[in-house]
Every structure is written in structure tokens, then in C-alpha cells.
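The structure under discussion is supplied below as C-alpha cells; questions concerning it will follow.
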Amino acid sequence: MKIGTVTGSVWATKKSPALTGQILLRVTSDGAEYIACDLVGAGVGEQVILAFGSAARVGQEKIPADAAIVGILDEAEE
Amino acid sequence: MKIGTVTGSVWATKKSPALTGQILLRVTSDGAEYIACDLVGAGVGEQVILAFGSAARVGQEKIPADAAIVGILDEAEE
Amino acid sequence: MKIGTVTGSVWATKKSPALTGQILLRVTSDGAEYIACDLVGAGVGEQVILAFGSAARVGQEKIPADAAIVGILDEAEE
Amino acid sequence: MKIGTVTGSVWATKKSPALTGQILLRVTSDGAEYIACDLVGAGVGEQVILAFGSAARVGQEKIPADAAIVGILDEAEE
Amino acid sequence: MKIGTVTGSVWATKKSPALTGQILLRVTSDGAEYIACDLVGAGVGEQVILAFGSAARVGQEKIPADAAIVGILDEAEE
């Protein structure tokens, strides 16, 4: 996984029906921007743990996603 | 996922039979060009959400594709 | 997927038995060289569509390959 | 796999329930930092073998992780 | 797949039990070093074909590995 920082959200009215209801956040990690499904209720500015690839679909196999926020770093960690 | 911009389409008469009927678009993201299956009806110039890897085959497991356009950013987002 | 150019073939007498009979081609894409299984009869100099990861094993799950040529660009495309 | 060096641990009170009980370590490899599940009891400063992608979930398929420490280099190797 | 050169082996007494008996070799490809399971009896200095990701686990699904040597280039190829 990688550590990233949430920078905002993304709105896409036209999308794969399987993505309906997913919260899609913009996350910056190592200078690159990713769009990730938020599984933990992350907010802008928070440092998060990003999982990539099929790891992002553990527990939600029908979602065409390759990145998910799976944790929020405790503040003392930041 | 990554945000990319559709720059055109690709024609390949000789291809894996499993790709027949797929719309293949050229998408630029972070300075690199990808060929992605279009699942949402994207057009040239639009900003899209690209899913990579096995995520591109969710719902179409028999397609030998590793990239798919799974959403179009709303214009206010661009 | 990525667009690449076939630059030659590869011969490996000692290999995983599961690769026996596979045509392995050298393909250059974005400045890097890959070895890919040829599923479509590509020739040296042709521009091809490369699929990476488990996409390369769609329809041939027992092959330990992570890259496959899944299409040849029409000449007008090159 | 890649060789990396453990540099610390990560605490995330808010996380995917499936990550509960996992030890998450910071590992540096080739100049990049990863967060990996520790499967072997690695400590800070040790050189470890990192497996990425679905390899990190072999034997623990329900964990949304894409990196795991699967071995510790013998000291003579370091 | 990628072409790489075997540069040595790796010893890890503490490792995932599933890796027991695997021969782990150091392989350099495109300037980066990888640790790969050797499936074909490769030796130091030989040029090999490296498969990454789940391709490395074809035929050995229970091994937490993401890279495997699946062929040795014939000398005339080197």
C-alpha cells in the first residue's frame, strides 16, 4: 500500500453502473494523483492508506476499481 | 484509478476475437498514452476515469483488456 | 493496453513447459522492451496493442505470461 | 519481489475491518515508501523481501492489501 | 515479461512457510533489482525471461511470489 493525502472528490454522472454509490476521492501519493474508492470515511487533508489493484476490490468484487482508501493514519503518525 | 483525456480511437482489424465489438480509445494520463475499452460512451477531449488491471474486466471477464474507461468527469470537475 | 512496436523474437530452449508453443516477441513501448505472447500473428515492425498482467492470460489461464499482443493497428492508424 | 528496509510502523485506528490485527510496516525500496503487512515478524532496520499485488494476499484472501513482507534476508546477505 | 540478468541468490531463513524450497534469485532488469522464484534452473550471468504479478504463480498458486524466471534465453539471443 502507499500513503497518500486526500485532496478532493470527483463527480461523474456518466459512469459504470457498478460505481453507483461509491465515494470517489482524489488522492495524491508520491507526486501522482489517483482516484480511489473511499471505504473508511476519509476527508480532505487526511493522510490515508491506499491499496491498489485487486486489493481494492476485496469485499466488493463487482466494482471496477483499482484503488481504495483502506485506512486513515492516526494524527500522531502524520 | 487515474484521470485521463480521450485523444482518439484505435482501429485494429486483426485482433483477439474476444475484443470484437469493443470500442478502443486512446487516452492520455500523466503524460503516457493508454488504449482503453470504453464502457461509458466517452468522446474525444473528455476527461475520464481510467481503471487499470483486472478492474478493467469486471463484468466482462473474457476480454483481454487491462484498461477501461469507467466514468466521465462532470464538466464542472474538469 | 499500450501501443508498441514489434522488434524481433526470442528463443528460449529452457523454459517453463507451459510456454511451449507460445510465440514470444520483443516489443518496445514507451522506451521499454517487453516480451509478449503473440496471439494475433504480428510481424517485426508492426504496431501492436499490448495487454499486460492477467489480461494476457484471458483464454489461456495456464500460461505464466504477463504480456500479450492482442491486436495489430491498421496501417492507417500507424 | 523487491528487497526493502523496514523503517517503522503505521497506526490507523480508522481502517477497513479486514485489516484489524494486521501489523502494517513502512518499508523503503528503490527510494519509494510502501506500507506492507508483516507476515514474518520483521523489525525496524531489517532487510526484507516484499511481495506486491495479489501475492500479498496468498493465504489471506480477505485482506485488502497489496504488499506483504514475506521474508527477512539473512544478515550475511545484507 | 521482461528480459533480465541473474546476479545472485538470496537467503532468508525467516520467511513465509509457503516459500520453503523455492529458489530465490536476484535479477536485474532495466536497472532495477528483483527477487524471483527460479522455475527453470537459471544460473548467475544468464539472461532470463521474467514474468511478473500473478503470472509468477501459474501452477503454484499457494506461493506468495510476484516474480518468476520462466525461461532462459538461448545464447545466440544474448
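Things to note:
For clarity, chains are labelled A, B, C, D and E in written order, and residue numbers in each chain start from 1.
Keep this in mind: contacts are C-beta pairs under 8 Å (C-beta built on N, C-alpha and C of every residue); 3 or more make two chains touch, one makes a residue touch a chain.
Computed from a prediction, not measured in an experiment: that's the story for all the values here.
Here the spacing of chain B and chain D, counted between their Cα centres, is 32 Å. Rounded to whole angstrom units, the spacing between the C-alpha centres of chain B and chain C is 20.
Annotation for chain A: residues 53-54, 56 touch two or more other chains. Taken as a graph of touching chains, this assembly forms a single closed ring in which every chain touches exactly two others. Round the ring, the chains follow in the order A, D, E, C, B when counting starts at chain A and proceeds to chain D. In the complex of the two chains, the chain D residues touching chain E come out as 1-3, 30, 39-41, 49, 51-56, 58-59, 68, 70-74, 76-77. Those residues of chain A whose C-beta lies close enough to touch chain B in the complex are 10-16, 18-19, 24, 32-36, 53-54, 56-57, 61-67.
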